[in-house]
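In the two complexes that follow, chain A is the common piece, with chain B as its partner first and chain C second.
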Partner chain A sequence: MASLDLQDISKRYSNLAAVDTLSLSIADGELVCLLGPSGSGKSTLLRMIGGFEIPSSGKILIDGVDVAPVPPDKRPTAMVFQSHALWTHMNVWENIAFGLKLRKFSRDEVAAKIARVMELVGLTGYEKRHPSQLSGGQQQRVAIARSIVLEPKILLLDEPFASLDQHLREHLREEVRQIQRQLGITTIFVTHGQDEALALADRIVVMSKGKIEQVGTPDEIYARPQTEFVAGFIGVMNLVSATVSGGSLAFAGEALSAPVADGLATLAIRPEDWKVGEGAGLKATVTRTVNLGAYVLADVALPDGTTVKVHLDKARAVREGDPIEIGIGPFALYRDNMVIHRS
Partner chain B sequence: MIRRFDLAGLVIAAALVFFILLPVLTVFIWAFAEQWFYPSLLPTKWGLRFWSKVLERPDVWSAFWTSMKITTLVTGLSALICLPAAYAFARMEFPGRQAFMMSFLMATAFPRFAITISLAVLFLVFNLVGTVTGVVIVQLLTTLLLMIWLPTAAFRGVSRNMEEAARDVGAGPLRVFWSITLPQALPSIAAAVLMTFVWTFYETEGAWLVGAPRITTMPILMMQMINNQMVVQYGAVLSVLLWVPSLAALLLARRVLGSDTFAKGLGA
Partner chain C sequence: MASDLAPPPKTSKNPLGLLMIAAPVVLMGLFLLYPALRVVLRTFGAADGSPGFSLENYARFFNDSYSLNNLGITLWTTVVTLILLIVVNLPIALYLRFRKGRLATFIQALALFPMFVPGVIICYALIRYIGPNGLLQSLLEHVGITGYQTPIMTPWGPVIGLLWDAMPFTLLVLTAGLAGISNAAIEAAQDVGASRLRILWSIVLPQIRGSLVVCTSLNFLSLFGSVLQPYMLGPTSPELMGPFMLRTFSSVRDPLQAGTQATITFLICSVAGLLYILSMGNRRKAEKETVA
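And now, the complex of A and B:
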């Protein structure tokens, strides 16, 4: 169990910076999700922590020791790959025992450790199977067992469930969370699925173009996105460009108080933050509805032609073409990607 | 459901039987024939007389051991040289990698007879003509293409993540190669080694041009017997004898690797 400190880490390929002078501190026992679109540098960052890529510059401190020049076999990290990367010429037992044997544990110790970890991932009895005889979820569990049996200081997971179906993914996500809590192991989880990050993480690191956009708890990231990128990337967000002049913002014929400098800005409002109903202010029309189970996500056309997304209660039973009245609720303003005002 | 009678398939099968199986069968029958005169369809007298005659000849046994010695040497050396090279081609990036592979291919596409002749001339200067060393070198050169290309493809097919996962749990680079990369690539490598062995065993041009007259391998002896003797049976018996080691090797490979992996190794 350990803390991790990344100091001004960069990875440059010729002229392109996959990771650009990035710094991040992760506390002992924390589960952190690196979240971002493909090409944001999150996997490269994880591979640098694991030792599979050498940073162009910067330090990687594990419990205060710089491991940047240390090869992966000598690092106290363990990685679970997206492709699970089980060794197909070995059975499950041999896969998990490989690292233990390299560490010169006695035969009894190896057997005891494997029995414990197999129980932890719920695969007791599958020791003699070959990877090809396991389902995708079981294969990924073996990969996790293979990593945690070595009691690494830091566990790294590189989109481990990307190739599994939604249901299994949610199930395994919960299991990983439980195992992580039980062992108290510092864990970094790379994903491009925001629901995975929101459900799993103590803290989320949102990345874009090799840089950190925002670090925060899932609640913070969702409720108070610091940048327009995060606002647009996490959850559903209405982003409408509008002009501020004299401390007031013109939106669909209404003037909103906005104590910021004059100029263009982006108004951001969540679909669930609209006021809906009589007297809300803006007379609009429902143009499309999507049933999302617990609620309806509706496209609503405002009088000035702008279309926005609005959460509606099922009880409202709206249909396409129905008139509706909505009003601005809590919103945020962004300029040059940064938040400049919240209300 | 009634399967449609496929005429084309039948014709192809019949042609294969006629052109491949029939000649083989003829040789087989000759090996067990003591008398076979023109008009009769089958030998007039069957027997193993020529087998004992062939097996009694000391030149057959010495040729067999010469062949085994040279073939084993060539296969072993070829593996020693080519497998590391194949790994390098598959995994390492160095300038001129592509160019080297291409030049290699082009050199191998060049008519072998011409190359062998020029090598034989070169070997005259170095006193390698008529020596085991000379034959080994000339045969080694013919194995390089197969022993580099097939294993290169095999090594390239090994998932990098698998190797990284092994590094991750604490294996050094050599250990990763030995415990992960090599076993993963083994079916193809075994196929390459096996084919090298069989091809080398039957290699004639090089062995003849460089080895003659002092080195006599099995195929060379067979040629001599067929050319110099009026008795057909000697050649036939020797052919059947020569067929045994290659069949044994192929059967062994099938058993060890399973027919699936073996076929995969051969590129099927």
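And now, the complex of A and C:
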């Protein structure tokens, strides 16, 4: 188990910066999710930590030791790949034993370590099977077992469940969380699924265009996004352009208090933060409803033509075309991608 | 789940399917299998053509030191060429698999170039270049190196010609096999501490075993029965089985003995063929297991 410090890490391909002067500290035993859209640099950053990419500049300190120039096999890290990357000509036992044999463990030690991790990932009895005889979820468990059997200080997971179905993904992420807690291993998990990050992480690092947009706990990231990008990327958010003038923001005919400098700003409000019901203020019309199980997500057209998303209680039984009254609840204002005001 | 899989199409009871394969099967039977079977059966008769079973023709072949030498040199040429094909092409295939860019494209084009040159042109080019009084000898003498021994008309002549000729096919099969290994599989091995040599030995080679078997067995078939390169670049004595059969048939005018030589060649090649069929069978079995 170890701490990780990234200091001004950059990775440039010709003129393009995949990771741009990024710094981050991860504590011993923490599970951190790198979250971002495709091309945000999260996998490149993970691959640099694992030693598969050499940083153009910066330091990667594991327990205070710079490992930036060290090859992957000499680092105290282990990587679980998106495509499982199992060796198809070896059975499960051989896949897991390969790294142990390279480290010259005795036969008894290898057997004992493999038995322990097989139990940990719930695959005892599958030792003689080949990868082709396993399901996708089982293959990913073998890949995890192959990595943790080497007792790395830092476990790196690169979108490990991307190829699995939603149900299995939810199940496996719970297992990963349990294993991580059991072993207390520092873990970095790359994903582009915000639900995965919100459910799994101690802290989330939201990335965009090779830079960190925000670092925080899942609650902080969801409730208090620091940038407009994070606000739009995490969860569902209504983002509406509005003009601030004299400390007031005009929105759908209402004046909202906005003690910020005059000019254009982006109003951000979550669907669940609208007030709904008689006397809420804005008379609107439901234009579309989507049943999301516990609640209904409705598209609501405001009098000025703006359409916003609103969470509605299922008990309301609204239909498309029904009139509805909504009012603005807690909101945030963004300008130049940074938050400038929260109500 | 196997039970979820659609049943295979019942082609055996489909008259249209039978009709479609009827013409090629009849043609194969008439013009390939029947004459081949006749020749093989005749070789198990008496040398003078009298009826009855006899191993006389085979006894003649195996008691003749010249024929045995020819068989030996053919086996030697085939095995040496096969080894060189793998030794030369595997590093190129590995380079092409793991390196991208202009140099890799150029090397690939260069390695596949022989595919587009007729064998007879290759032979003439080799004779003019590395043959006696060829370009190479002249160049060496220009820089003061004398005593050049040409490989043409020695057992190495056919090896060089066959190597050139079989290189593109071998390279294509090996690169196709290597393309099936993901970068992540290599990186995973690197991650657990394997050196490059260990990755090659424990991860790459076992995963291209099928491709190695395919190019070895198919090359064995074409090398063992080759005629052109051994005829144009090889020694006249001992000679390889291809030119030997040709000469026995057309110059010596002994079709029965040529048939015997061909049957022996066929039986040796069947071992390579069997290896190929077994390899294909294993691959299908593995695919079936993956589907199940």
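Convention: the second predicted complex is superposed on the first by the 343 of 343 C-alpha atoms of A that agree within 3 Å, B and C clash if a C-alpha of one lies under 4 Å from a C-alpha of the other, contacts with A are read in each partner's own complex, and residues count from 1 in each chain.
The definition used in the following text is that a contact is a pair of C-beta atoms (placed from the backbone, for glycine too) under 8 Å apart; a residue touches a chain by one contact, two chains touch by 3 or more.
The structure displayed is predicted, hence computed values, not measured ones.
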Mind checking chain B and chain C on superposed chain A, clash or fit?
-> clash
Would you check which partner chain A:98 touches, where first means chain B only, second means chain C only, and both and neither mean what they say?
-> both
Is A:133 in contact with chain B, with chain C, with both, or with neither (first, second, both, neither)?
-> second
Contacts of A:50 with chain B and chain C, given as first, second, both or neither | both
Chain C-contacting residues of chain A that also contact chain B | 50-52, 71-73, 77-79, 81, 83, 85-89, 98-99, 102-103, 143, 146-147, 150
State the interface residues of chain A toward chain B in the complex, per the touch definition above.
-> 50-52, 71-74, 77-79, 81, 83, 85-89, 98-99, 102-103, 143, 146-147, 150
Seen from chain A, its contact residues with chain C in the complex are 50-52, 71-73, 77-79, 81-90, 98-99, 102-103, 130, 132-133, 143, 146-147, 150
Mind listing the chain C positions that touch chain A in their complex?
-> 182, 184-185, 187-195, 198, 202-203, 206-207, 209, 286, 289-290
Chain B residues within the chain A interface of the complex | 159, 161-162, 164-172, 175, 179-180, 183-184, 186
